[in-house]
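Dropping a structure here in structure tokens format, bear with me for questions.
Just so it is clear, A, B, C and D label the chains in written order, and each chain counts residues from 1 on its own.
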Amino acid sequence: MSALVLLLGGDAALLALSLAAIAAARSRNGGVFIYAAACAIGSVLLVGGAYHLLGRHAPEELALPIGLPWIGAHFRLDALSAFFVIVVDLGATAASLYGIGYGRHERDPARVLPFYPAFLAGMNLVLLANDAYSFLVSWEFMSLASWALVMAHHRDSDNRRAGYVYIVMASFGAIALLLAFGLLASPAGTYVFPAEAYNFGAMRANAATPGLAGLVLALTLVGAGSKAGLAPLHVWLPLAHPAAPSHVSALMSGAMTKVAVYAFVRIAFDLLGPPAWWWSLVVLALGGITAVMGVLYALMQHDLKRLLAYHTVENIGIIFIGLGLALAFKAFDMPSAAALALTAGLLHVFNHSVFKSLLFFGAGAALTSTGERDMEHLGGLIRLMPLTAFTFLVGSVAISALPPFNGFVSEWLTFQAILLSPQLPSWGLKLLVPAVGALLALSAALAAACFVKAFGITFLGRARTEAAKRATEADRFSLAAMFAFATLCLIAGVLPGLFIDALAPVVRSLVGARMPVQMGIDWLSIVPIAESRSSYNGLLVFLFIVASASLGAAAIHRLASDAVRRAPAWDCGFPEPSPATQYTATSFAEPIRRVFGGFAFGARAEVDMPAPGDMRPARIKVVMNDLVWETIYLPVVAAVTYLSTRLNRLQFLTIRQYLSVVLAALVALLLVLAAWP
Amino acid sequence: MTGLSFDVSHLLAGALVLVSFMLLYQTRLYALLNVFALQAVVLSLSVAWQAYVQGAAHLYVTAAIAFAFKAIIIPVALHRIIARLGIHRDVENVVGIGPTMLAGLALVALSVVVMLRVASEADALAREDLAFALSVVLLGMLMMVVRRNAVSMVVGFMSLENGLILAAAGAKGMPLVVEIAVAFSVLVALTVIGVFLFRISERFETVDARALDQFQGDRL
Amino acid sequence: MTDLAVNLVFQLLQMLLVVGLAPLLTGLVRKAKARLLRREGPPLLQPYRDLARLARKEAVVAEGASWLFRVAPYVVLAATWVAAALIPTFATGLLFSWSADLIAIIALLGAARFFLALAGLDVGTSFGGLGASREAMFATLAEPAMIVIVFSLALIAGSTQLSTVAAFMASSAVGLRVTLGMALIALIIVALAENGRIPVDNPATHLELTMVHEAMILEYSGRHLAVIELASMLKLLLYISLIVCVFAPWGLAIADAGVGDRLFGAVVYVVKLGVAGLMLATFETSIAKMRVFRVPDFLGAALMLGFLGALLLFVSRTLK
Amino acid sequence: MSGLPFDGVAAILILPAATAALLALLPGYRLSAAINVASSLATFVAAISFLFSKPASSDYFLVDDLNIVFVVLNTFVAFTSSVFSASYIAHELEIGRLTRRHLRFYHAMYQTLLFAMNLALLANNIGLMWVAIEMATLTTVAMVGIYRTPEAIEAAWKYFILGSVGIALALFGTILVYMAARPVMGEGIDGMVWTKLIVRVGEFEPALLNLAFVFLMLGYGTKVGLAPLHAWLPDAHAEGPTPISAVLSGLLLNVALYAVLRFKLLLDANANAIAPGPLMATLGIVSLIFAAFMLYRRRDIKRLFAFSSIEHMGIIVFAFGMGGPLANFAGLLHMTMHSLTKSAIFFTVGHIAQAKGTQKIADIRGLTVSHPALGWGLVVGVFAIAGLPPMGIFTSEFLVVSSTFARQPWLALLLVFGLLLAFGALVLRLQGMAFGEPSPGDRRSTASSLPIAAHLGLVLAAGLYLPPPLVAWFQHVAAMLR
């Protein structure tokens, strides 16, 4: 039974499950059944994807009679879609497992359960679609399902606003993709093309003219980029992801943004044929700006889930830097370098979906047990939720790209790819690549600072509010999902060779070459290009650290003393220091805001210091405005409102004035006729 | 088509356009009705002449219907309606008389130019007839646009339909069905308008279209 | 099998050498600074006695602190020790040097800083937060500067593997380059910032307004403080041996040279350490500490220098 | 009218006329509502019979592939509207907005309207078609004014004046077509019979044909509700009883569009007349973008969906204006889907107005909480009309946009801009109504939701799977439309 049929069967089962969920939502533990079923189907899909990718099977195609009338719906499973099926369904399985425990806290499950399996099915179908129509139908179906999930808590007006911004941006992106497919479908010049042209196979065959190809890439960047969260189009992401229930936010950040990356890779690398060199300029610039802007905004947040959502934007920037480099090398046909860059990008796709979902699970656990999302109301959770704290710590270290975890491996590969760039002949790239390298390094450092803040303020220190004191440990299922992903982060960090070799068929199908085989190298280290150039051995570094730490601890405990005494912490001698004196999220980020805030979001701090002798308390007000929102989106909204108000007057004319409009139209047309040559 | 018959139909059609201009000129409501009755008379004469020229009996019937309804019944009915509503005060023009006349002239010129484009081998009378019919239609619409009062707007609509009848009559061999339909619509239009007028006046005590406007449902 | 054992011995030798020399280096620097200020100054071996004394004392832990507070020192020491062990001191190409390159070393230091900041926050007093947030701000500028310096070094030497870079620098092929000069100055600035030396942070004082590194470890005492002190001494030694091995590689025993060369290399290394320590002492006494918010410009200069160096190289790619 | 074959055509015409006469006399409300539904069902069955045995066309009646699409769609939606109106009117009767006397008039007018529309669709004689559309206009004017509220009077008066002017222009156009045909076809009835005209139109006088098409486009365009001529549509929809809004939006606009298409075919056949495509495309785009902007400021729920009808009529006219197999197919599909979805939405809106007792959007909140069935029905309906997959309208928009983008990219960008604008406005209003805290005033709505489910089910099915025979039939008609 071919893997593709298995996957399609799984998706159909998910859709059936979502229908069943409408009924199940009423029964008390209907949620547990739905999430368990989703977890089971997810794991089946995961196995299907892995079987195809690791077994290095040839691509399979299948056509169903449904969909666009003449050509029906085409589905295809090749290495690229198999890899993304693994990424998406790994996240789906874990999120469903997490959902079993987390789902009980849901206030009205009737609004979440029916749409959750539909959302999973939508994502999987996008990966398998092989013609423009079914691609866009599943793409919009995915957006629709996730919109419904974002609107689950619709009584809060912020969520409604987030849902609205999300669905409008999603349909804007979908229309851009529709236009891109329109161009791809029509071979240069001929106007009336048969419907068969919408099939991806046909699109691959008729290579678009260079001019059109550039336009298609731009449209794809807008379409897929808006869903992934590329710089100017990312504004909906930090609004929508936190509004959804936590396991859905994990899926939206972990899996849905990857589906958008899949869309970009499928069109840019597969359907568009040989890239022009200047494409990579655009993609690299966008990737770099997105990376730094994402993490700078993340640093300034004090809502934990918004911080994680903004941080997704940063990681998407890193992925697009990898993809941009791959495009550059492919344009100057340097296949081995392109293979390295693409592997780095795709590995980061996998890594990000793992540790971002882990962090969202942790945040969800903290949110449900305390009812607080604002970090400034939390603190000291490590004592009440030790296991969640430990997994969140693992996630934070991994996402800050610190050895021995997986975040460092993909970042290291991206740096190695950047170091290959001097061989690129074009001047533009010569200047841009070091700049992007510096931006990448800056965003990595900022990420580390951001997650010191996130973990430190939320889990360490003392509880700042009564809610934080009432925290209780997460339930068994959530912890199982979190520990599974934590160990996955460690394995991917320690044995990267396994994952790089697994990506080889995907990379060869897209850039025609692959990285040298990693598993053969002794001591399990990875050598991207050549032995002399650079190598990294995750396992050895990990063992080295563990050995020296335990060696040191044992030596000191045995030779010196191991006595411990508890005493109140020193706070300049004040008795009973109140938790409020601790650093908060805003104060932690204040030095960085002072350094970077000026240009990033025009941050201004207004200090209102009372005159000496005046007993009024001093006030400091930090004014930060989201430049992207103000320079791009508000003018558009203002223009639409202005025009709609002006045009609205036409609705309240008298009958006489309407008749004059009809007369004017008639006279105009008659004039046209009179003047017709 | 002897020269004389062409000249007479040409004369009558021209007269109809002239009367339309007179309609535009009127400010009093009663005067407006009288001129409208005149227009109906000229129309029926023109249709009757067409009937005589084409030797088509049914056109006589149309002429008679036009004369009976539009010349007599409708003006008298509107007279009584205006009397009952007590709105015989003058007709406020939205646009002054001068500009209205200029607009009328421009519309007639436009319809003539448009008709000139029609290749001449079609018989001259049809082309002339259509040009005049088109101008009467456009003048009718102009009248509806410049008048504020609901009754004068209806009269404008009626003169527009007169243009249609002129065109229909000019089209030789057009089956009678159309004529009756036109008449039928005139009749129904009248009843509906009457009913409206009563109901309108019942509701707002004035027939001025402006009074209607502020009742639009979706006001800001 | 035998050469594997020999390599293992040399690798362990390097690890022990590094740990042994670190307190001596700090003692030398303190002694030199005192002499320059016309003071007697503590004896050279005082740091060893301090560490031993602290290790024996009872560790007082804050009430609010969690398990992380007690685990962090050992993780910080391990990360710094591993990073230090990977940098060639007396010979290049040792057994474990292939397991991580320059970028990995920077990341290890990042990990150490990450856990130290968390430990600072864990205590729940404002000092810990103060130190952690300032350290985070410095790191956001220092780390990119280090990465950009690594870019320029890697472009010149054609590899990010430290042993290859050192071997290339020792060979005559390197020639004099303006990029190397910029990279050196940038690396020195970053070293000063990372180790909390004078212009950026004063290691000797606990004054709230100025301290950064000290604020994070304020709550530590007893053996935890000993471990953390050893780690910061190791870090100083790491940076100096990095600068020395890249910019002054003479006398370094190139890969699998005989025991004699390695011995000679060790002697030369110790001399170089002494000279570097003295230069650091003279530099520290000759300059006053900057205000905290002048440091970003100072580190920004390092970032710009490194970036300019890399840019020049990218542009004048006439090497190969 | 000699040679009237007693078959489908007769059934379609005589049934509604007879029922209208019967209902005008019947006092009882419940009985007349049942008869209304029964007769609409019978008419629909007769229309279905066309699919199997296509009756021969005569001088006065024509049945070809094009108008079968319209007839079947019209009779089906008329049938479902009658089912909806049965329950809706019952409720209106209770709350006293309509008296028994009105209902006799209402049912009679309903059936007369069906008769007029079927006559217009089947008429072969362009004069007969004009009369039928005029009759349809007058009946709907009467029904819009049925509530006797000041707004209803104003809406009906405006509808009457603008409708009549439009119809007058259309008549003038018809006369011009006859005048152009006379030198070639000779005098008499032949000059008015469409099937004969289409054969000889090549030799007609091009200038006259152009002038005729201008008048016809403006005349029937007013009835289709295209932008500059649309003023009557929003008020007529909002103030009339909801079944009439559904019929107006779902059916009457299509009938006028059918008339425009008939004359477009005539123009296309004459080589040296101007191509009608660009004029239709321009009017389409103007109404799409104008209606999209107007959606943002609407305060009344029925006016909101009335403007959405203008927007969709713009898209359909644009599709037919562009021409080409894909665009024509998309236009036909879009028209069918729009009728089904828009009437379903108006049914839902009718229930909502009754449930919440108001048509003000601001006063309707939290529907998915207070009336889940209605709330989610509205959500699905609005997403269908906004063109989101998996509903049918997305398929047609997909075909129109991608086929236009390849030919005139700038035109496609305008089209896409309009679609996005309309989408933004519709979802903004939907979220206000369907979500959030439920607003007070929760009267139970008793009306049947069967028609809504039927329509939305069909639209969803069409989005996923179009049966091949239907596709072949539409494709054949698309080829005909050139």
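Criterion: a contact is a pair of C-beta atoms (placed from the backbone, for glycine too) under 8 Å apart; a residue touches a chain by one contact, two chains touch by 3 or more.
If you're wondering where the values come from, they're calculated on a predicted model, not measured in any experiment.
A.B. asks: Busiest chain-chain interface by contact pairs, anyone?
C.D. replies: A-C
A.B. asks: Distance between chain A and chain D based on Cα centroids, please, to the nearest Å.
C.D. replies: The separation of the two C-alpha centroids amounts to 44 Å.
A.B. asks: Report the inter-chain centroid distance for chain B and chain C in whole angstrom, where each centroid is the mean of the CA atoms.
C.D. replies: 100
A.B. asks: Which integer distance in Å separates the CA centroid of chain C from that of chain D?
C.D. replies: From the centre of chain C to the centre of chain D is 79 Å.
A.B. asks: So what's the Cα centroid distance for chain A and chain C, whole Å?
C.D. replies: 36
A.B. asks: Could you pull out the residues of chain D that touch at least 2 other chains?
C.D. replies: 157-158, 161, 165, 169, 207, 211, 234
A.B. asks: Using the touch definition from the top, which residues of chain B touch two or more other chains?
C.D. replies: Residues 114, 117, 141, 144, 153, 212-213, 216, 218 of chain B touch two or more partner chains.
A.B. asks: List, in ascending order, every residue of chain C touching at least 2 other chains.
C.D. replies: Touching at least two other chains: none.
A.B. asks: Can you identify all of the chain pairs that touch?
C.D. replies: Every pair of chains meeting the touch criterion: A-B, A-C, A-D, B-D.
A.B. asks: How about chain B: which of its residues touch chain A in the complex?
C.D. replies: Those in contact with chain A are residues 94, 107, 110-111, 113-114, 117, 138, 141-142, 144-148, 153, 209-210, 212-213, 216, 218-220.
A.B. asks: Can you check the complex and tell me which residues of chain D touch chain A?
C.D. replies: Per the stated touch rule, the residues are 157-158, 161-162, 165-166, 169, 207, 210-211, 214-215, 217-218, 222, 228-229, 231-232, 234, 274, 279, 290, 293-297, 324-326, 368, 383, 386, 388-390, 394-395, 398, 401-407, 412-413, 416, 419-421, 423-424, 427-428, 431, 435-437, 463-466, 468, 471.
A.B. asks: Quick check: in the complex, which residue numbers of chain A touch chain B?
C.D. replies: Per the stated touch rule, the residues are 648, 651-656, 659-660, 662-663, 666-667, 670-671, 673-674, 676.
A.B. asks: Inside the complex, what are the residues of chain A that reach chain C?
C.D. replies: Within the complex, chain A contacts chain C at residues 379-380, 382-383, 386, 389, 393, 397, 400-403, 408, 412, 415-416, 418-419, 421-422, 430-431, 433-435, 437-438, 441-442, 444-446, 448-449, 452-453, 455-457, 460-462, 523, 525, 532-537, 540-541, 544-546, 548-550, 552-553, 556, 559-572, 577, 579, 581-583, 587-592, 594-596.
A.B. asks: Quick check: in the complex, which residue numbers of chain C touch chain A?
C.D. replies: For chain C paired with chain A, touching residues are 55-68, 70, 74-75, 77-79, 81-82, 85, 96, 98-101, 103-104, 107-108, 110-111, 113-114, 117-118, 121-130, 132-134, 136-137, 139-144, 147-148, 151, 154-155, 158-161, 164, 208, 218-219, 222-223, 226-227, 292-293, 296, 303, 307, 310-311, 313-315, 317.
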